[in-house]
Amino acid sequence: MLGKYLENVRTNCPLVHNITNYVTVNDVANILLACGASPIMSDEPEDVEDITSICGGLNINIGTLNQSSIKGMFLAGKRANELGHKVLLDPVGAGASRLRTKTATSLMDEIKFNVIRGNISEIKTLASGSGTTKGVDADVADAVTEDNLEEAVSFAKAFAKASGAAVAITGATDLVSDGDRCFVIRNGRPEMGKITGTGCQLSGMMTAFIAANPDNELEAAAAAVCAMGLAGEIGWKNMAPSDGNSTYRNRIIDAVYHMDKDTLDQGARYEIR
Amino acid sequence: MLGKYLENVRTNCPLVHNITNYVTVNDVANILLACGASPIMSDEPEDVEDITSICGGLNINIGTLNQSSIKGMFLAGKRANELGHKVLLDPVGAGASRLRTKTATSLMDEIKFNVIRGNISEIKTLASGSGTTKGVDADVADAVTEDNLEEAVSFAKAFAKASGAAVAITGATDLVSDGDRCFVIRNGRPEMGKITGTGCQLSGMMTAFIAANPDNELEAAAAAVCAMGLAGEIGWKNMAPSDGNSTYRNRIIDAVYHMDKDTLDQGARYEIR
Amino acid sequence: MLGKYLENVRTNCPLVHNITNYVTVNDVANILLACGASPIMSDEPEDVEDITSICGGLNINIGTLNQSSIKGMFLAGKRANELGHKVLLDPVGAGASRLRTKTATSLMDEIKFNVIRGNISEIKTLASGSGTTKGVDADVADAVTEDNLEEAVSFAKAFAKASGAAVAITGATDLVSDGDRCFVIRNGRPEMGKITGTGCQLSGMMTAFIAANPDNELEAAAAAVCAMGLAGEIGWKNMAPSDGNSTYRNRIIDAVYHMDKDTLDQGARYEIR
């Protein structure tokens, strides 16, 4: 069922504007190409409005924010809103510093986001200011497990309703909700956490998915999560014994490159609550 | 015939100063090392003049330009000109935003470039302001094909004459001209377009080629184009069925690493018009 | 004997704050994850103090310094000092430009570093201002060889004493000294010099090692050097004939990912002088 949303990315080839961190930006660009989209990166305030105008979606990731790029985020976001483009927020490290928390919450105040994607600690920070973010990885105490799943689903729905955006909370179990429904997704492998930037890559790819499927944001966001997790499973099967996290990074992007509608339809593992 | 220009890079080991975008910079550094050159990156205005002074060539790529790096581009370019160093311009996204177009054309006004390398849309923007750039990829309507080859060759020659720089227009068919002659190059594979930064990598490598072959700019630039395309062909042959664009990126750089004079002599496919 | 210092990284999982260059930052992040640590990157002055406060170590690398990130280096370093966190300096390109030399020496004046890691040219620049740095690679005339080893060991000890920091001088033969003792390390392969950023990666990993082994800085720094060199040896054994420097980069990080205490104990090759 979700495979068609990937197919639409390959058919529509959306151009995605990324204001993203310099740590993982190359992988974000390559995974966008792998899924059939085109990436363009620009964070300079004088440049971002023109660039976002020619794109179908905007991915704002605060991973290595600076004063100039923060200005760029606001300008690009507002222009994208004016043009009715899809906009995604990845609040990397919200809760880890006051600047990151303030930037993420101010962006939410001034820009309408279609999707907000982060780990549970980051999203809890945005929801309540009470999250305890250990750097850019989710606090273990906050992890979504089968034991607290019901509670986590309710939290995701409530945050989506309150924020007016679909929310994607990713981790061992992923949740994607628009406030009414919540996809509970069980694709992926724990070893993906040993690669820098799988979350950033997912945010880039998810922006392409919602841009290419404008009338099905929730399903498109869920499809991106399944595609990333499934690529992690396929990539892992292609690992040689001596391969480690650096090669695994390549194999995941490679798996997205080869993924088609049927593979995603058959490999996606989710329920809707 | 072109293999000797690669050999000279390996013998002379030019140090190349890159003011380039943060998306593909790591691959630019690795391909420079692969071809026998040494990379150094610096974009801070207070730093670039010293850095470019110790280098043999300067590669200016406007892919993720900002106010500070733009200043750095002008300062470095002028110093490189004073010192008689080779300077290359990669006008990434010219035509996609006013800032990029303005920066590229101002750089051309104030700095003498030895080579300008871009896709057809970017070069048309520089030539006439009439290009229609879709982000950083060439507009399909602008593609160089066998049908419009004669016209494209004339355009390349005219632009080279008008700009005073050799021009390299890369795409499915590549053109490299100094105004009098035009290399028409047919190396490469279409899948290279699914990797971010093959153009940026080529610009870095081309700067090394012209720095190591100062009296043969046109041939050196053409040799770099052939080397990149041939590496794309060799790298493709080394692909396993599950490999995709991320691994392909590595295999291309790896192929440059192993390329020698004879391989390039035998694999280069070009005519001169 | 040195394997336990790696084991402590895997047990303690230190969070490492990196203010590092945008060329090799992705590899730095992945090698930190490979050795069992967690990376976070932040260079914005308003952000760095909060970020470094939640970390166990700070890695300052001046590879693509700019006015803003320089401010961030001083602020983060001072805060890390206040908190008693481990701080490492990688003076990339010191001697290649006045700004780099001045920044590195000013950082040494105002911040207490636990370890300074660079190539011999960079360290000689810091020691005397007389180094002749050819870009970011060590000047060949300055290389540490078996012939000048005794002299180099004395230099390393003297610099460590004068600077108050342990010093790691890396090259074909690596020296790590705290002023009294000097590890002379012979792991590694010459082909590692054909990959961009093996030095930067080592600096990131070394910061994790000293953060996870706070009472054994010298041994921990030496263990990181041995681990990196040994990974270069193991990665090389895993190379296919067509693999080059880009794939080698992945194989080295992969080798760190799989390295355990026993592998490092058995593979480390060093003497103490």
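To keep things simple, chains are lettered A, B and C as they appear, and every chain counts its residues starting from 1.
Note that a contact is a pair of C-beta atoms (placed from the backbone, for glycine too) under 8 Å apart; a residue touches a chain by one contact, two chains touch by 3 or more.
Since we're looking at a predicted model, the values are computed, not measured.
**Q** Treating touching as the only link between chains, describe the layout with one word: line, ring, star, complete or other.
**A** complete
**Q** Just send me the rotation angle from a CA overlay of chain A on chain C, rounded to the nearest 5 degrees.
**A** Here the rotation carrying chain A onto chain C measures out at 120 degrees.
**Q** Count the residue numbers both chain B and chain C use at their shared interface, divide by all numbers used there, and answer same if that is over half, different if under half.
**A** On the two sides of the chain C and chain B interface, the residue numbers are mostly different, under half being shared.
**Q** So the centre of each chain is just the mean of its C-alpha atoms; given that, what is the distance between chain B and chain C in Å?
**A** Taking the mean C-alpha position of each chain, the two centres sit 32 Å apart.
**Q** Multi-chain contacts in chain C: which residues touch at least two other chains?
**A** In chain C, residues 22, 26-27, 249-250 touch at least two other chains, as defined above.
**Q** Under the definition above, what is the set of chain B residues touching chain A in their complex?
**A** Counting only chain B, the residues touching chain A are 21-24, 26-27, 63-67, 93, 96-100, 134-137, 194-197, 242-247, 249-250.
**Q** Considering the complex alone, what residue numbers of chain B touch chain C?
**A** Against chain C, the touching part of chain B is residues 15, 22, 25-27, 29-30, 33-34, 38-44, 46-47, 50-51, 54-55, 68, 234, 238, 249-258.
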